[in-house]
Amino acid sequence: MGLVEFAAAKTLASSAVFLFITVLLIAAATRTSTCIVLFAAQCAVITMQVVAMAYLHRSGEALVVAAMVLLVKVLAIPYALLRIRNRLNVPADISASTTAAQSVYIAAALILLAFAVVQPYARAFALDSEMLAVATALVLTGAFLMVSRKKALMQVIGLLVLENGIFLAALTTTFGMPLVIEMGIFFDLLMCVLLMGVFVFRIRDTFEHVDVSRLRRLRG
Amino acid sequence: MTFAIDLLQLLVIVGAAPLLSGVVGRIKARIQNRRGASIFRPYAELRKLFGKEDLVPPTASPLFRLCPVVLFAATLAAAAFIPALHASALLGNTGDFILLVYLLALARFFLILGAMDGGSSFGGMGASREALVSTLAEAPLLLGLVAVSIVAHSTSVTSIVRWAIGRHLFQLSPVHALAFVALALVAIAETGRVPVDNPTTHLELTMIHEAMVLEYSGPSLALIEWANAIKLNLMLALLIALFAPWGIASSASISALAVAAVAYVLKMAVLAISLAVLESSVAKLRMYRVPDLLGVACALSILAVAFTALRR
Amino acid sequence: MTLWFPLLLPLLGAFLVLGFKNPRAAVRVALGIGIAEVLLLGNCAWKLRSAGVLQQGRYLRADGLTLFFLINLGLIFAVVLAYSVGYLRHIPKGRFSSPRWFYALVFLFLFTMVAAYLSANLGMLWIAIEATTLASALLVGFYNTKGAVEAGWKYLIVCTVGIAFALFGTIAFYLAAVRGGVPAEMALDWATLMTAAPGMTAARELLKLAFVFAAVGYGTKIGLVPMHSWLPDAHAEAPAPISALLSAVLLNCAMYALLRLDAITSHAIGGNFSHTLLLSFGGLSLLASAFLMIVQRDLKRLLAYSSIEHMGIVALGVGLGGPLGLFGALLHAFNHSLAKTLLFFTTGSVRETFGTLRMDRIRGMGRALPSTSAVLVVGGLAVAGLPPFGLFVSEFAILMSAFTQSHYLLALLMLAAISIAFGALLYHFQRMLSGEPPGSPASANRPRPLAFEIAAVSICGVCLLILGLHVPAVFISVLHGAMAVLQ
């Protein structure tokens, strides 16, 4: 099965490229639905990584994890987010505080920062520095998205990208944690997204908008 | 022998350019549920224009009739750099990609001059817009080509292509992926396609390229239109040659050339269909948002160059 | 089975309570379930006292530290449950504001906290703490006003981001354990990690990184500055019993998680790094909250900042370490939960009488609400750290620990912050209590406090007094048992 091994190894090697592309495209996107689709694509890339890793390490547990990633992060959560977005009935524009070009510049700077930060640690702990850099870049970009986007739903997407980064870091350093813990984490994530959906609707109903930069009544 | 093949290659690029425009237009029409004009219509258009009289505005200088000639010559010279069928080009050893970029810039410069010389306000408007777009597009174009050339250890386009033929698909690197996206965005801006400029618009306030050629007629207009088509063919062939060159003949045998021709047609078809789909599905950007798009391209190309250092 | 019952009963009870549409029936069922839960927790504590350590399967474990915190949880929950029966009369009717939703959410919240206390596994601990955020978010936004929704959203977002960092820290601990030779399935088990910790010195940098992330992550839930931005909003906008639960129990729960991780780190690479980090966070929280308490205008926000201050003191105690420091920290967590619960209980009747919690609009509380004012004064004195209440003893223990370890600057800082906080409390309370009440008829027809409410308040007060005058020997042995687990 040399070809499948080869394909698995190559998938792992080149998935970093695709993750970078999705990160940059999310930073450049101007509509919420585009971001949700790009997030689903990102999770699909991660699923393929998990599958490749499951094959290379002969681990059945990792296949279960891959199935969970597929079901929860590629299908369930984006579907829930798209439904929320369609029922919210607010303008589709992302209302970011930075333009698309500035966001891509900042995302690119964050990717380079991630590489710079990860290099010494990766060498010290004998880890795959490129994957870890991608994970750190995802975390940083997720944080940037949460800060620069003013729509409540975009904050949720930024949070999900951040969690993706942490999941990827777990994947590359430890090849996944015990299965029960992974399942618990996924369940938590799903509940979290649903709860945030409930809150976004409440924000829209009480405030008549979903612009979180205008939620400034509680200060000091 | 190589000279003959390279000359043939240049004639293919130049001669097939109107056909490419026709095909893209026909696919767009089909997507929009129309029957569309014949794919050979641009040839008929060129023949018609060459037979007509060249009307010059009374306020124009001799520069007005000179500009389309210089434009066509520069574009022709630029087309002689691109290895489309064979891993070498007519001017392949004369200069590197910087010369290519600046030949295109020379062509554009004279087009702008000619537009302003025409004396109409739309010409001036189109010229200023084209200047803005081309200034912003130059940086990502150069940086993207720089990134690719660093990885290939050479600045000559033909050497880069020969290096790229030696690799295979699974060695996808972030440098190439990012440079491809950046150069694709630049190609759209350089050739004046949606979402930067709509080549089929008739509303003058939305024009960039069309506004510059409003005053031209007859053979001058034919030269300008042909040069525009050659530029589209050139940019697409450049993208193919740099990022997906498999099929290009390394030797001068007939079979290799035949394979190369088929590969060229297939890849051009894919790109033409993608371009048509893109043009039909995306709306043209308002002028003040075009710098944003080109800023994205610039950021991507800077990142591509940065990655050449990180991947060591 | 002793561990499964108190864990599963709140979960089942939550769904059970939802089935009772009649408010009175729902309240009665909830009371029943709550009393059963407190009894089960008591039973669990009793068994723990005799057995020392209880383990059920791979994921449930209870030891001396768990015993201490379970006593804390059981006591506060019983008191809050008693108070909430009367408080629910005041909640405006809405689609999701009925007693059955309130109690269902409270029981879910309780389930997640018991799960956090009983978890044997760092991963389960993380899942449970994340679940507490999810379970309490809807409780924070219970009133569905603009302020409540904004507070709930901020709480959800900030705490989820913080907990995500804690997940990274947990993963780093797992990695360090696996590198240190612990088999992969047991590498998240706390007891295994404690015994294997001395062998993990090779992964020194990794452990430091892990602890930093865990401190930032769980510190967000504890409310340490600068990760505290959600705390004043959430505690101020939630209903009073929920504010009491959040301030008293949830902060302690997050501190419990941090204590577990700090124990592992100290065993592996010595306490220097982790304790310095805790000292800096604690000191920063103390100073920032003390100063911010002066400029507060809302009563519950004032109490929330006071919670931040006291959690800073607990962090200081843990960071100082040693027999006195840790003793003081644990005792302080317990005392603070009692005092803060007492204070939050008064806010209910204050809001009902004056219609607002803005302190500049409340005047003459001493005349309008004499009993509530008495409780407020008692709670205020307790929270300020004055004798004869329990917080004085714990703060004194921590200060002694600081002096014996020659951390004079730290002790000075703590004293200064406590004094500033005391001054702020005195200023605000004095303005509220004195003067003429606005002569509104609201004070005339204020509802009589239920027996439940009086009982709840007095239990808190009596416990505070007992802990201040003479800590019972039984309690001291429980505390020593908890400390022994962490050493």
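Residue numbering begins at 1 within each chain, and the chains themselves are lettered A, B and C in the order written.
Assume contacts are C-beta pairs under 8 Å (C-beta built on N, C-alpha and C of every residue); 3 or more make two chains touch, one makes a residue touch a chain.
Since we're looking at a predicted model, the values are computed, not measured.
Counting C-beta pairs in contact, the chain pair with the highest total is A-C. Using the average of C-alpha coordinates as each chain's centre, B ends up farthest from chain C. Overall, the chain located most centrally, as judged by its C-alpha mean against the mean of all protein C-alpha atoms, is A. Here the spacing of chain A and chain B, counted between their Cα centres, is 36 Å. Distance between chain centres (mean CA atoms), chain A to chain C: 32 Å. In whole angstrom, the spacing between the mean C-alpha positions of chain B and chain C is 66. Shown for chain C are the residues that touch two or more other chains, of which there are none.
Taken together, the chain B residues at the contact with chain A in this complex read 170, 172-174, 177-178, 181, 291-296, 298-300, 302-303, 306, 310.
On the chain A side of its complex with chain B, the touching residues are 6, 10, 14, 16-18, 20-21, 24, 28, 99-102, 104-105, 107-108, 111-112, 115.
By the touch criterion given at the top, residues 59, 121, 123-124, 126-127, 130-131, 134, 137-138, 141, 144-147, 149-154, 156-157, 160-161, 164, 167-168, 171-172, 174-175, 178-179, 184-185, 188, 203, 205-206, 209, 232-233, 236-237, 292, 295-297, 301 of chain C touch chain A in their complex.
Partner chain C is touched in their complex by these residues of chain A: 121, 124-125, 143, 146, 152, 155, 159, 162-163, 166, 169-170, 173-174, 177-178, 180-181, 184-185, 187-188, 191-192, 195-196, 198-199, 202-203, 206-207, 212, 215, 217-218, 220.
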